[in-house]
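Here you go, one structure.
Naming follows writing order (A, B, C, D and E), and every chain is counted from residue 1.
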Amino acid sequence: MTKKSGKMDRNNIGKWFKSPGNMGQKYSLHALYFCTGCGIIEIPPTITTRWDAERFGVIPVATPRQANLFLITGYVSVKTLRYIIRSYEQMPEPKYTVGFGSCPINGGMYWDSYNTIKHLDKYIPVDGWIAGCMPRPEAVFVAVTHLWTLIDKGMATGYLKYREHYAKYRRNQEKILGELEWPPLFSKEEENEKSREKVAG
Amino acid sequence: MSQSVLKPFKAIKYLFAKPKTLRYPFELKEPAMRYRGFHVNDWETCTGCGNCADICPNQAIEMIEIPELVSEPGKTNKRPRIDYGRCCFCGLCIDICPPGSLKLTRDYFHIHFDPDTFVFVPKNEHTEPEKYFPTNEYSVLKASLSHRRKDYDGFVSDLKYSLFEPERVPMPVVPPEERMLSFIEHIIGYDREEARKEAARCLECRLCEEACPAHLKISDYIHAIFEDKPEESLKKIYEDNPIPSICGRVCMAHCEKACSLSIRGEALSIRWLKRYAADTVKDFKTTLELNPGPATGRKVAVIGAGPAGLSVAYFLRLSGHKVGVYDALAGGGGTMRTGPPAYRLPLESIDRDVDYIRSLGVEFFFNTRVGKDVLFEDMLKEYDAVFLGTGYTRSRSTQVKNYEKCVLALAFLTDNKIGKPWKVGRQIIVIGGGNVALDVAREALRLQHIQYPGEKTAVKTVSLEDWGEMPATEEEIREAREENIQFHPAWGPKEVVVDESGKIKGLLCRKVKSVFNEQGRFAPAFHENKEMFMEGDMIIEAIGQYPDFSFIPEELFNKLKFTQRKKLSVDENGMTSIAKVFAGGDIVNTNMDAVTAIADAKIAAQGISRYLAGETVTA
Amino acid sequence: MRELELYFGPQHLGMVGNFSITLQVEGDRIVKATANPGFLHRGFEKLMEQRTWIQNFPLVCRINVVEPDHMELMYAMAVEKLAGIEVPERAQFIRSIYLELARVGSHLFGLWAYANMLGFDTVANWAMYHRDLILDLFEELTGGRVYHIYLWPGGVRRDFPEGFEERIRSTLHTIGSCVPDYDDTFFHNRLFYERAHGVGKLSREDACRMGAVGQVLRATGMKKDIRKTEPYAAYDQVDWEIPVRTDGDAYSRIWVVRDEMIESVHMIFKLLDKLPKGEAYQRIPNPFKWKIPESEVYVRCESSRGELGLYLVSDGGDKPCRAHFRTPSYSHGLTILEKALENESIADVGNIMISLYITAPEIDR
Amino acid sequence: MVLVLQILFVSILACLVGLFLIGLSRKVTARIHWRYGPPLSQPFIDIVKWFSQTAVSHGKLFDAGMIFSLTGSVVVVLFLPFGGICPLSGSGGLLVILYLMLIAPLGIALSAGESANPHASIGVSRKMQLAFGYELSLLMILLSLMTYYRTVSIVDIVETQIQAGWSLVQLPLVVSGLAYLLIMPAIMGIRPFEMIQAPQEISSGPMAEYGGKFLAFATLQHAFNIYIGLSLFVNLFMGGGSNAGYFLIKLLLAFMVFQVVHAVWPRFRIEQAVRYLWRWPALLAFIGLIIVWVTTS
Amino acid sequence: MKNPGKKLQDELRSMFESISTEGDGENRMTVKCRKEAVITMLSFLKKTGFDHLALISCVDRLNDNVLELVYILSSYGGDVAMQKLNILLKTTIPRENPQFYTATEIFGNASPYERELHELYGILFRGHPRLTPLFLEREYDIPPFRKDFDTRKYVKDVFDQIPFVDDKKGRT
């Protein structure tokens, strides 16, 4: 049995006082329940009796507003991408995205399909990837511990990257989905980007 | 149905029961023994054949050239690189992997923020010990592609369920009891169905093509056989090899040694399939539709109508040159005509190939010994280029006491095949462990059966080399043992014992300590006190051959340069140190077999063509 | 009351799979429901046309993630018929056992989804736990938890490991010992009856008209099961019953599922007892040279959701010319669901959807 | 000064107890699910997290409604005796509580309505219907209590019970108590009356658009709500508590009972819930009222 | 009915012109007919007892320049022999501007199949009440399931052209 103390610093009061935000985020990862692809099949076992992710404070929640962890479970079709972006933008910050399995990394099984996007990180930032097709529940747990480390080290900053490069993300999204029906999330940045491009070009 | 409001409350009993949750990662669970996790690849056994890359449905595997590795026959320096952004862990690559070097382990953790880390070249714990940890140092929390567990194989290849067929289609042969009695060809050859079935085993990895000295397009001609187009197949063969009937029987089959199927199963019968193609096509002339190239007006002399000579003549003829082939024998084939016994290579097969080459317009001067009937100097004047393909025509002798009583192998073989068969003894001892020795032994056995039917006779072989070291092919040894030839490996001849009348009584042998010295040179050492007397009334020496350059005048001969291994030294065009004299075959290469001779011939033919076109500077 | 347009899914806790239903509601009543599939559309059949016969094996199972095994079977059966490959008897038995295990697993998943939908977390958790035990069996047998890639043309990919039969038995006993718990807490729960009875009711005529299959059909009293009418694998080697209910509502459907699960477990025991010795695999041709003569075939089997069919056409090449899966969820999800949701309460959308056993990836393919 | 301290103490304690009970509820259901569940501190961690998140507001009313509802809940808490401590006991009685208890859902309704999420509005409408379902029974039950004890002061009721024993076992009040037991899950919003949030049906209803601190407030409000529901029951029928410890134990006991119901029963549909509430609890409450009325007059 | 396929074959031959049937008559029977006859044939088959429309499929025969429509029917009721039988009703329509008649009137579940074929093969089913997009989000020049639609090229042209957000060059 591995020592619990190794990774779990949930009861470390000192840390709580030092960075309550990070600690709160770490031990209260509320995953958005969105069956984006076949990887979702391993989520029910993860959150139910056999593995019980709730031990780590990971639970599925109903709406993006309540979630701070977005599990992109597998391949993403173009039609789903629209909803993924929407959901992602609705999530409060800080938010973390984890790509499941091969498909979001480089197309996976559906590398030559005309209806799935191949690289998820072209459209939304991704903080971590899990290998496997699909990843087992165990891998999800280990991924959670890795995410904790990333949060601790301040490396899970996909949402900041999204802000910073919003214009580029939005451009990529619109290339695939056409004109998006909702207004840009960060209009200012886009203008900045544009002006910067003007200067550069 | 009895529905109840209160019955559900029975579930309360679990409130105080022990939960069934596995407290992962504090309580671990081992994945199943067959789990399909991450790849490992044993670089030692991996041949770089690329079958895994071909079968991968997701194009997740790419063969990457590894500069540190050296390509050798049957092994390229490419190794699979796997993209876990594509891989679906189906394990098709495992089931198709001929050496079984690619395996799936039970590791499956790789969690990373950088998608580039998901592409990696699998190695194993021997090649990359720093990435593999024993169980006690391994932690799932650290696990990744660079922190993996040692000896953790999961889904591995199982020959019974492999996607390739490890076993050959059995070649129909004449049973030993029957074939011992005559010189009939004992390999019957595949019929159409068998040939197609065997051809279907080919995985088209093309390792064989690399290994073949002549680089035949093996995959292509085998694919043509699979598609039931032997004509196509023969056309493919003739691109690189003009003597398929011969090669289809006696080729040393370097390709089969390189065949990826041979690692854990039986190699594809590439040789027999070539033979099938050559034997099935009835009429070479109409099928192949080959024509000599536009006449160049140049003339080339070829000395020796062996494989090298025939091939060079063929290739040169296709380029449009006039070719004259000189040979002392009455027909083509050279060593092939004299050496391999009729049960392995009948004369008809040789003549088929020679006739086809003749039909292309090559002139043959048989029964013409250069140096005697025609002078080499004259040929040099008459022809624009001369190709030497004379081969090894003289047998070596052991030079032990009373050696002159023994028979020499080549003389024995030649006479039996194209001359008058020898009268053999009842107890024959053959000295030597090579293919020639076995040919001699098996031929002697057949003669014994013909000359002394029903009597008790025996053929014994004595060789310096032990089992496993013997230069003869395994197949030959197996067949010889099937025919009851007795082997005495690791014994060296000391003396031929003769009785008062000078008749051979037997052979006195010494036990061999070692055949090669530390440098790997041939230098046999003996146990002086371990001796054995072997009874016999006829002894045949088959310990090797050497070339005969007596036809070359001395002043020219002195100009010829030789390599350290006593071979003719030629440049990349096949030219010897004498201008316009080219060479190939046994006198040049160390493999000393037909297909290498073809390879030499190909080089020489190109060299000659270039030389005749005035492209190359003479050596 | 004013009419409201409501999107049920794709991002929704009650949605099993990536699927969406657009509801026109008046208060709590649904006026019109429009199924909106395609979130998981990968163009499977097109992809299959670009992969060789063997390369399609890892692909086909991914059509339905909940129950990949019947997809494998369909493809294996179709290829066997096209290429004329014989399957050894032991392999047939192994296939049946494997498929029945898959059925139990799939039904447990369905039970999870349904119970979860009704807010019945307890039973949902139990069912998922027991399904995980079955996945453990699969993992041991095939090397994969979810995608097994195990049924190959010519038999199965690997034989049973040592002592596996015993482990199947003990796992099934473990699950079986909890059947009273399930019954007490869920199937005999009055509130389950209240929630499910009369919901999403389908008459037998409607069911037939709209192409219902599987337990949706059997819940309307139709005793139809392809395992009986057109037996494949080893289903004709053992006796078993087709569970039937007559009401045609969600309650009946879930009860049929329960009975089927129990019947499947009994069947596995019977099959294990009769399991013959021998080879489990007949080697298929060299995958790099495998061509199938020009022909076509339609095969079907009874998946845990109903009739699953595959229309496979070969044009004599090394790849299929056309493959088309007839999936049970297709009619259920796109035709019956729209009909069944009319005039129901919003609270019952998931209830009806899951009781119809709809899996989105099967529809979208 | 003491009053201010008391107010602070009680409201904070009520909040903590509420959160603790939420955690305990998760733990208990997990146990029945055969699993371990989250640590008891999980709701606190969640709250900390929510406060550290950004949150999107959907308008002034959205914020105001939230505050409105939270303060409403706090005020109700102050009116309820906490094992002898009762900051505002003198200033109101059961009727005030009954009235104030309506504020919290109203605030949520206002706020959720502003978010323009159809799930939220469905959730609110369900909440209203449900309240409509149990409010009458609750009124009748309180009436019978008031009639029996001849007072509107909850403190007095508790006092009387401490001397005379629990109302639940007082013969004339048994029926009313039973009725109260039946409507308790509806008041607390737990299964089988969880249809207000019903994540699987309407994406957690009114909470659908809450994120970050709003969700934290909503959860706090939920914690208060649980505390209010339980404490009302404990105070009215289980004799309150002579001291805080005793009171908390009773609270826990009542909580466990409802938690088990929560774990083993599914949700009702809203019309089933209303029908149920109008049938059994209302009938019992009415009978209870009559019994009390007959016995006391 | 011992062999329902045989009987049906005879019946069909007598009723319809220019049809060809093949198959073992036990598990599978293929009926090929002119496209005008398909709808009549479907309703006839439904009346005969083949009331379960399992599938409407389409095969793109690029070499013959036709689309082959395949209706697969089987039976709900009937005896075992009849339930075993799958009928494959086939007809061909031209690849350019393909049009056909809807079967939604006859089979309740034909609608989504026809929508799918409309979307993936570009076949217009006349009389279909709701020929709206089913699966696809993007628009494609050639309906994606046609043989001349090259998905690998499409992926290269569309998805691979989208740049990565941060300037990473290593990934392909």
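The definition used in the following text is that a contact is a pair of C-beta atoms (placed from the backbone, for glycine too) under 8 Å apart; a residue touches a chain by one contact, two chains touch by 3 or more.
Given the structure is predicted, the values throughout are model-derived calculations rather than measurements.
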Practice prompt. Taking all protein C-alpha atoms shown, work out their mean, then name the chain whose own C-alpha mean is nearest to it.
Written response: C
Fill in: Most remote chain, CA-based centroid, reference being subunit D
B
Worksheet item: In terms of C-beta pairs in contact, which of A-C and B-D ranks higher?
Response: A-C
Discussion item. Centroid of subunit B to centroid of subunit D, CA atoms only: how many Å?
Written reply: 87
Worksheet item: Taking each chain's centre as its mean C-alpha position, how far apart are subunit A and subunit D in Å?
Response: 36
Discussion item. Taking the mean of the C-alpha atoms as each chain's centre, how many Å separate subunit C from subunit D?
Written reply: 43
Worksheet, complete the sentence: Cα centre of subunit A to Cα centre of subunit B, whole Å, reads 56
Worksheet item: What are the residue numbers in subunit C that touch two or more other chains?
Response: 12-13, 38, 41, 43, 46-47, 50, 58-59, 62, 122, 125-126, 129, 147, 185, 189, 191-192, 364
Worksheet, complete the sentence: Multi-chain contacts in subunit A, i.e. residues touching at least two other chains, fall at 48-50, 52, 55, 61-64, 77, 79, 106-107, 109, 111-115, 119, 121, 133, 136
Worksheet entry | For subunit E, residues that touch 2 or more chains besides their own | 135-137, 144, 149, 151-152, 171
Worksheet item: Where on subunit E does subunit A make contact in their complex?
Response: 135-138, 140, 144, 149, 151-152, 154-155, 158-166, 171
Item to complete: Please name which positions on subunit A make contact with subunit D in the complex.
Response: 10-11, 16, 20-21, 23-25, 27-28, 30, 48-49, 52, 54-55, 57, 59, 61-66, 68, 90-94
Worksheet item: Given the complex with subunit B, which residues does subunit D contribute to the contact?
Response: 28, 30-36, 260, 263-265
Worksheet item: Tell me, which parts of subunit D touch subunit A in their complex?
Response: 26, 30, 33-39, 41-42, 45-46, 48-56, 119, 199-200, 203-204, 207-212, 215
Fill in: Touch list for subunit C against partner subunit E, complex
37-38, 41, 43, 45-47, 49-50, 206, 208-211, 213, 217, 222, 224, 229-230, 296-298, 300, 307, 309, 311, 313, 321-322, 324, 326, 330-331, 334-336, 364
